[in-house]
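Heads up, there are several structures right after this.
Both complexes shown next keep chain A, but they swap its partner, so chain B is in the first and chain C is in the second.
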Partner chain A sequence: MDSLSFDLAATPLRDLNRFLHKEAVTQGIRHVTVLHPDGAHNIAVGLDAPVAVEIAGHAGYYAAGMLKHGEVTIQGNAGTGVAENMMSGKVHVKGFASVSAGASAHGGLLVVDGDTSLRCGISLKGGDIVVGGSVGSFSGFMAQAGRMVICGNAGDALGDSLYEAVIYVRGNIKSLGADARIEDMAESDYQAVGELLAAAGFSYDPHEFKRVASAKSLYHWNADANQEY
Partner chain B sequence: MCGIVGLLVKTPALRARLGEMLVPMMVGMTERGPDSAGLAVFSAPLASGHKYSLYAGTASFDWEGLAQQLFVHLRVPAQCEGHGNHAVLVTELAPEAVRQWIKENFPALHVLSCGRAIDLYKDIGTPGEVAQRYDFASLQGSHAVGHTRMATESAVTPDRAHPFTAGEDFCLVHNGSLSNPYGLRRKLETEGIHFETDNDTEAACRFLEWRMREGDLLETAIQKGFEELDGFYTFLIGTENKLALVRDPFACKPAVVAETDDYVAIASEFRSLAHLPDVKNAHIYEPNPEEMYVWTA
Partner chain C sequence: MNDNEHLLKHIAKEPSAGYDRKIMDYIHNAATHGLYEIRGMGAKRAVPNFDDLVLLGASLSRYPLEGYREKCVTKTVLGTRFASKPIELEIPITIAGMSFGALSANVKESLGRAATELGTSTTTGDGGMTAEERQSSKTLVYQCLPSRYGFNPDDVRRADAIEIVIGQGAKPGGGGMLLGQKISPRVAKMRTLPEGIDQRSACRHPDWTGPDDLVIKIQELREMTDWEKPIYVKVGATRTFHDVKLAVHAGADVIVVDGMQGGTAATQTCFIEHVGIPTLAALRQAVDALEDLDMKGKVQLIISGGVRTGADVAKALAMGADAVAIGQGVLYALGCNHDAYTLDGAVHSACDDYANLGTAAGFCHHCHTGRCPVGITTQDEQLAQRLMPDLGAKRLKNYLKTLNMELTTLARACGKQNVHHLEREDLAAMTIEAAAMARLPLAGTDWVPGF
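Let's look at the complex of A and B:
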């Protein structure tokens, strides 16, 4: 037996998460299905093992937060902060994701087939995010490292106060945030977008994307700027 | 925190099950709002007169005596059907006269709502306790607005629980906190508008109702609200025949909508919608910030 299912309608969430943290490794379980998630918070938070978790429905807040090594698939929608602070592994949301998807992820890949709400990839620290739909305002805010690929449109203030993270957008950008600018795509950018789209299962042409990165004018404090950025 | 729930049934047959569908939605929001709960239900409007939801704060109140006394004083018939500390008073008297008479004769009574279609219940306790206390499951109607409260801006008392009401057949629930309620309040007080609590939500409620009394459509009033109200909010607003949902420009507070051919259900989180009939086939979405969502009953 290398797979198991947990029915959250009958089993407390803590039993599932405890199993994922401990017994899943010792018992060699490779695949766990979560039935009746019904919007419960914190599903598969802190998973730190090469286990595939399939959530058969909609997840609540912070699903797959702090993920390392594992692979979490959410068949429905995800609430606030999906894959927050992910370290490695992959999270795939087949529906839409609410605010702060992939916030401060250090590594790994977050794929959202639908749209995400505001603040997607806020403070991204090295993870990759691919969104099949559109992202809400303030996405990529203060993102420090990592890449975001947005196949649809972006809302207001995209990439505000960006550091070294790079955002690729296929659709329209309602507005760029402070210090974010559109740059020419280099061959390495086309390659990166192509690889990320392939990993996420989307077949768009990388040439349809534009690159948003930091103009780096906020990197050093300028007393003469008089707060006018 | 705080939880909001709303339900509007499109299929008339479901009106009998409004309360039954709504109670699990409210109970599902207990973690977001464990200290108080409230519910406004809109049903077919009275042919004439007004109804008032009254709150006594004590289990033994002589509601029939109140109706009799009102008749003795003002010579207008009134029916008062009480259950414990809550009653619905129905009379042909003008609302200003009723409010004035209650204030003079029963100053401890709280008028929770007034209108032709609205009944309102709110109290301290967990959503489950409050729902049971007032038998929410038995309530019927076309649409309802509910709230579970985790107080941040004012004390935990029944009158500071949501929904808030103003005028007639108008109520509002709020998840969030406003940063300019006192400014609004000072502005509205110069218009002769009286506040009953120090709660920030009451300012939003009275502002929107005031705009509508000044002639704005609900939609226009909400648009002015976007300009005047500052802070975090998801508001759910109920009128005699409408249910409206708005979120602040930063989407600081959550909301999820599930819509089928039979109903529109709104909650802070999906876990309050998971039990609804046929929710698997519902159109589920998150309302956009600073956009108006209005449904007609």
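Let's look at the complex of A and C:
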């Protein structure tokens, strides 16, 4: 037996997470199904093992937070901060995601089939995010490293105060944030978008995407800018 | 001397109260540079503080303990509310969060070594956990800050407690700042930032926005750590009564309140001097909030911001704190603002280096430049040699030992065999302002202003 089910209608969340942290690997469990998640918060946070977790429904806040090595699939929607601070592995949201999806993720891949709300990829630190739908305002805020691929539209202030992260958008951008600018796509960008779309399971043409990156005018203190940015 | 000359002479001797030399210098600088001042350390303005309180030693109505003989317990336990592994300290004096980046790696190691020898804790700071401090510090509190620089699950698991930082006494409502001079290759790598940029951190957390969210964020960290590690919540002192209540409701094990005298590695002067309330006022509000919720003793309180002496510690505990955290005092103990440093066993003058920064020993607050003359707040490899861990740890250990001796001496004089038995009844205020803020009677009276 290498798979196991946890029914959150009958089992405390604490038992599930403790099992994932301390017992799954030693017991040789490679696949865990979470039944009746019913929007519970903090499902599979801190998973640090090559275990696949399938959440059979909607998840609340911070599902798969700080993930390392594992693979978490959410069959429904995800609440605030799905895959926040993820280090590696993969998180796949089959539905929609709420605010701060992939916030501060250092590595790994977050895929959202539907839309995400505000601040998707905020403070991103090296992770990759692919959104099949659209993202809300302030997405990519202060994103430091990593890549975001948005197959739909982007809201206001996309990429505000970006550092080295790069955002690719297929649809419309309502407005760019401070210091964000649209740049020409290079061959390496087409290749990166193609690879990320393939990893996420989307079949869009990379040539349909625009590149948004930092103009780097905020990297150093500038008294003359009068802080009007 | 004619009448006009007499008048001019009189005027020349009459400084303006509203436009004194300091404010004129400020306006001249603003007009010259078009940029506000950024500096390190804490508020320099005079505010009511622990010096404005006195302890009421035992006499006929109270029974003192022998100052040099009888036992006085200093053991301090933090995080007893929910964590299965609370923090157990030998003394109620902890080291406040200060980042690697603001401080050199040698300094972080010094803090860890001294704290470990005396059985207390150190705290990481913005920018993550270094191997040096984890290795040297037996009890290490890991900060979760808005920037999340270097924050990662491995270090969460390696930490002994987690501190969610909402704000800092030097700049409540503001984010961290580290100017380009200090973004060395190592600091940049730890923070995932380009080298040499002026880092201005976020002031809000990226994945939660208010007290209801904080409930779930705290639960996430508990689930991450299998409910073993205490979760601290740190707030800068402003609306402290309400903030402490919200933090308790959110599920904190320990609350850290940082008053306006708290230090910083780099912040706008207008922020340092004009935002927040004094530690004295904040401490009383925090204790009131805990008592109002019947959570005193269940949720522990750490106070910081201008705690300098053993007397300060004793007064803070008597007012209701469970422990104190010290930042600037620790830096001074290491040699901050000293006119000399030790390198290769020889003492060297630092006066020229202070002068090159446009300051002098005793007045320096130039942490933000990264050119610390005594090698403390720097990332420059050569300057950092001016404070090696052996000497730093020895000096800090001496300082903490002194504070603890003073604390127990004063506690014994008040008749306490445990420093945590100090109470408000042991205190009186020397000024009306301090009496009003700390809500203690003015010395020699039973008058508490406003009550």
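Convention: the second predicted complex is superposed on the first by the 229 of 229 C-alpha atoms of A that agree within 3 Å, B and C clash if a C-alpha of one lies under 4 Å from a C-alpha of the other, contacts with A are read in each partner's own complex, and residues count from 1 in each chain.
Just so it is clear, a residue touches a chain if its C-beta (ideal position, glycine included) is under 8 Å from a C-beta of that chain, and two chains touch if they have at least 3 such contacts.
Treat the numbers as computed from the prediction; the structure is a model and nothing was measured.
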Partner chain in contact with A:S98 - chain B first, chain C second, else both or neither: first
First, second, both or neither for A:D38, with chain B first and chain C second: first
Contacts of A:G60 with chain B and chain C, given as first, second, both or neither: both
Partner chain in contact with A:S137 - chain B first, chain C second, else both or neither: first
Chain B versus chain C as contact partner of A:T11, first or second or both or neither: neither
Comparing the two partners chain B and chain C, which touches a greater set of residues in chain A: C
First (chain B), second (chain C), both or neither touched by A:A145: second
First (chain B), second (chain C), both or neither touched by A:H106: second
Touching partner for A:Q75 - first (chain B), second (chain C), both, neither: neither
First (chain B), second (chain C), both or neither touched by A:E84: second
On chain A, positions contacted by chain B and by chain C: 60-61, 80, 99
Chain B contact footprint on chain A (complex, rising order): 36, 38-40, 57-58, 60-61, 77, 79-80, 95-96, 98-99, 117-118, 136-138
In the complex with chain C, residue positions of chain A that touch it: 13-14, 17-18, 21-22, 41-42, 45-46, 48, 60-62, 65-66, 68, 80-81, 84-85, 87, 99-100, 103-104, 106, 119, 122-123, 125-126, 141-142, 144-145, 163-164, 219-221, 223-224
Residues on chain C engaged by chain A in the complex (per definition of touch): 33-35, 147-148, 151-154, 156-157, 179-180, 191-194, 197-198, 202, 206-208, 213, 216-217, 219-220, 223-227
In the complex with chain A, residue positions of chain B that touch it: 250-251, 254, 269-275, 284-286, 288-289
